[in-house]
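Got a structure for you, questions after.
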Amino acid sequence: MYDLLQKLFPICRSLTGQGVRETLGIIADHIPLRQTELPTGTKVFDWTIPREWNIRDAFIANADGRRIVDFRQNNLHVVGYSVPVDGWFSLEALQDHLYSLEEQPEAIPYVTSYYAERWGFCLAHRERLKLQPGQYRVVIDSDLSDGYLTYGECLLPGESQQEILLSTDICHPSMANNELSGPVILTWIGRWLMSEPRRYSYRLLFIPETIGSLAYLSQHLDTLKERVIAGFNLSCLGDERLYSCVSTPYANTLADRIVNQVLPHLEGRHQVYSFLERGSDERQYCSPGVDLPVVSVGRSKYGTYPEYHTSLDNLDLVTPKGLAGGFGYVRRCIEVAEMNRIYRATCLGEPQLGRYGLYPTLNIKRGAFSMATLRNLLAYADGTNDLLAIAGITQKPVWELSELARKLEGIGLLRVVEPDSMTRAMV
Amino acid sequence: MYDLLQKLFPICRSLTGQGVRETLGIIADHIPLRQTELPTGTKVFDWTIPREWNIRDAFIANADGRRIVDFRQNNLHVVGYSVPVDGWFSLEALQDHLYSLEEQPEAIPYVTSYYAERWGFCLAHRERLKLQPGQYRVVIDSDLSDGYLTYGECLLPGESQQEILLSTDICHPSMANNELSGPVILTWIGRWLMSEPRRYSYRLLFIPETIGSLAYLSQHLDTLKERVIAGFNLSCLGDERLYSCVSTPYANTLADRIVNQVLPHLEGRHQVYSFLERGSDERQYCSPGVDLPVVSVGRSKYGTYPEYHTSLDNLDLVTPKGLAGGFGYVRRCIEVAEMNRIYRATCLGEPQLGRYGLYPTLNIKRGAFSMATLRNLLAYADGTNDLLAIAGITQKPVWELSELARKLEGIGLLRVVEPDSMTRAMV
Amino acid sequence: MYDLLQKLFPICRSLTGQGVRETLGIIADHIPLRQTELPTGTKVFDWTIPREWNIRDAFIANADGRRIVDFRQNNLHVVGYSVPVDGWFSLEALQDHLYSLEEQPEAIPYVTSYYAERWGFCLAHRERLKLQPGQYRVVIDSDLSDGYLTYGECLLPGESQQEILLSTDICHPSMANNELSGPVILTWIGRWLMSEPRRYSYRLLFIPETIGSLAYLSQHLDTLKERVIAGFNLSCLGDERLYSCVSTPYANTLADRIVNQVLPHLEGRHQVYSFLERGSDERQYCSPGVDLPVVSVGRSKYGTYPEYHTSLDNLDLVTPKGLAGGFGYVRRCIEVAEMNRIYRATCLGEPQLGRYGLYPTLNIKRGAFSMATLRNLLAYADGTNDLLAIAGITQKPVWELSELARKLEGIGLLRVVEPDSMTRAMV
């Protein structure tokens, strides 16, 4: 994963343009990816697909012709969606077009202006202070013209038409955690899913943030509402500090229940954020009338770590270990979704576990209390509780319960209940 | 308000009689008041309208003819509903008819005997101890005879037939907090409501406690059950110590939700009492089968402050500032009822707030987290939450949300959902 | 009760056999008991009635013929359901058949092997350590042959066909708390119930643990599911240390509500255990598809006290005072079930309590707050709350409320609502 991340890192991505296409092309080397292009001007709910932005070069040069701010060194130097410019400016006139962070003087900030025409440069505050009065040559060799918004999707069918939605953003330029960690991990999740039997179908989306999820929703809303039983938006998954999620509006969906089961078992600290602290595409997936059961999963959450949206969000912040942890978190969520079944005991009363070799035949002191988890599973397998519910009651991890449930199913003491038959009478 | 309170203070009110009529007459100088008279003997649920009580004079005089307890000095000196008496009594015989408070030796207690024939005098315990053995002339020039129970009501129609019920008691003699603060504030609330556009209709009741609310309910129950969406019983609203409410039996009505929103934002301490600590007309409004959504609103609650039901509940305890605070509390409850609407977002997904000037077009660091309250309002405006619910979720005051909601309604991003159409599908 | 316990103590009981019959015979001297015998081989759900076990004698003798372990001295010395044996064994060979507790060297453990053929002896670890190498004569004069499983039941009809289920185990040999306290107390409960008017019918079961409750359920499940409104499994009720219960799976049945009301008012400590800590016949009564509202009631719970399942669970551990406390606990649960009615106020508004002598006619200070419990009962008697619910709201014991309710019913201010008419409109 780290190799892929290093390969994608230098590409200048934005909402639209060649950087997005190039990124999707590289991902498509690993998983089957269908790319869709929506033309500029297409209405998506309250929004309109903007013009396509492409940039070849940009710099500020001093009177000597030396490039003192250079897009080729770091694509964060240019405000995203900058209109073209080519001219000489006094330092004073230039200042209105410069962005830097006083409180982080070494960081180049990440700035965009997608929906208002502007041009600008971002630079470290320390560099900005060094600028001397005088004339500067300013060039942005970009164009904003009718084109397309591009996204990629990978559909992996499973036994059921019911789907798990996995979504991540491919619109950020050279930043590693926000947001190359998401696409890289989702690519690897896709590879892993292709190698596994799948109970559910999977829909993996690589989209530009906000406008991309809105565009996708505007085209697929009915299908998604019909099929998606849980979804995970992947964002900022590559550092080593924390595991986190952003809940759905009422924190009551299957996706919420899954992350709440998974998080406490991951190594290290974890934090559950309320929907009030949302900030990524869960904003669209969970909006009124869309109402998809999608949580955001991440490590250090966007907006909460100091390197966020600056050049410090780089290949030092994201590590192979951090990515592996993020991958493990997402995979575990998917595994829990796959294993979370409703079981029902096949006989009335407790079964005679001794007959199946599951209970000691000799009643030695406290023997009655052995096999507690297995027996608790049987006691609550009444055809209404899914394994996540029983995990909550028994305070045992769902994967331990699932292993026992499959064992009990194998010897005929439990059987799977499909949710749509939950109301059928006990036999 | 304080002037009105001073004017009403000396009048000798009781369950019935001229004092009540005189009080209603003065209130009617400020708001349109319809007065109703119910004849003695009328059955109201388990009760019967008692005889009308009127009193002209009463005193205890010593052998020298000097009045040592004098109704003309303080109408609390006579037990309410005392039967007439005129005779000479030894101190010993008189003692059975005297009421005083050992623990508050300077206070004249407030005592009534509405439903059992008695006569009696109330006096400061310190005065009582000064009484010398001997003969005393005792006169109560009262009469108890068939007459009427009188109450006043003021109906202020609004856009909707749905009503807010406001009720207060006019049966207490010269006490300022319990209960002239209620009638005085309700009069001013009436004046204020008359000057405002009203979404709801308002029913203002000035009634004698218990028998008056029962009488009113027995005549208007069906109408009230059909129309009243929230009610407030006003009692003890004029001191400066505290703001409080008494919840409905299950603390789950719109009225409860309103006071729970308003109380924490008032200046100073506040306290929510359970229905188990009720004591005023909420006892009747919330009784089984009546079940109106009526809370009691007050400052220091009846029964909890030392001056309660004594001559110390006077014009020192109630202040202009205290009354203004009580008025502000009730007005704020009404304002919250008026503004508490259900809104629904008009578009799917988040709207493009930048288009409406509601979101920065430049994505500077942490910019994504600006306009949080407005965006949270949109996120939870799903046609099921009223603004009070969203206030609870977002921990923002409902008036801040309401202002934003009207702004968003103005630019077409929200629309009002009438509760009866809440089940219609999202478009 | 203690006499009965002493009489039953020496009998060698097991799942089946003469000891059970003899025990039931003695209980039948006190209450009418119908005994049922189910033949060996009968299928009961996932189980099969085992062969009947009877034992006449058993011992280990040393080379001198001296009995060093003797069934006649304590029937715990033989592993329950031991197959017959008669032979000479070296100490080494014998060790595989000996059971003792290192951590309780003076206690003979209680061991059974109902469903796997074995023979064995139990002895104090201290005695075991004294055994010298050599040959030992080992005799168990038992037989395991087709026969019957025996249980007793006592049905006490009441006004209603709705039933309270009371169940206890009669399969333990000479141990006093687990489990002679249960049968002895249930016998006395039966005697007491016979002497009382009964609103509900009562079903008292004296059964062998697990297989007995399964057998009974397999024969009576439909009847039980139709009639039982609450049930109590009696186990370990005779010591003086604690009062406890084991809740139903979701801790939400009438039986749970009853024990939660009763426990805090018993003298001494109490503890509520979750269903996860179950261990007696509540395991069967509450199993999926059976779903009877049965809690376990006890004093120190099985498995939690050091004497449990050893010879130390004897007539020192169980005391007359302990049994009396256990009896009182169970009786109080039954009394609460009997008194727990739904009442509805007969008039709208508060009744005029002064008319009934239930309220002071003189309004002296704070007088309005007298009779609070009676008035709270009236305020919440809305035809939906049973007395247990009102006890929860008012934090008053249900028996205090019941006494007031009967008083109010007597003067016509409350009337009983049958649960099936709860939806009828208030008049």
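Per-chain residue numbering starts at 1, and chain names A, B and C are given in the order in which the chains are listed.
To be clear about the criterion, a residue touches a chain if its C-beta (ideal position, glycine included) is under 8 Å from a C-beta of that chain, and two chains touch if they have at least 3 such contacts.
Everything quoted here is computed from the prediction, not taken from an experiment.
Chemist: If you fit chain B onto chain C using the CA atoms, what's the rotation angle, as a multiple of 5 degrees?
Modeler: Rounded to the nearest 5 degrees, it is 120.
Chemist: Chain C and chain A are one sequence twice: same or different residues at the contact, by the over-half rule?
Modeler: different
Chemist: Where the centres are mean C-alpha positions, what is the separation of chain A from chain C, in Å?
Modeler: About 55 Å, centre to centre.
Chemist: Tell me, which residues of chain C touch at least two other chains?
Modeler: Residues: none.
Chemist: If we count contacts the way the header does, which residues on chain A are in touch with chain C in the complex?
Modeler: Touch residues, chain A against chain C: 344-345, 347-352, 354-355, 361-366, 368-369, 372, 376, 378-383, 393-394, 426.
Chemist: Can you list the residues on chain B that touch chain C in the complex?
Modeler: Against chain C, chain B makes touches at 44-47, 79-80, 99, 101, 109-116, 118, 210, 213-214, 217-218, 221, 249, 275-276, 278-279, 283-284, 286-291, 302-303, 308-310.
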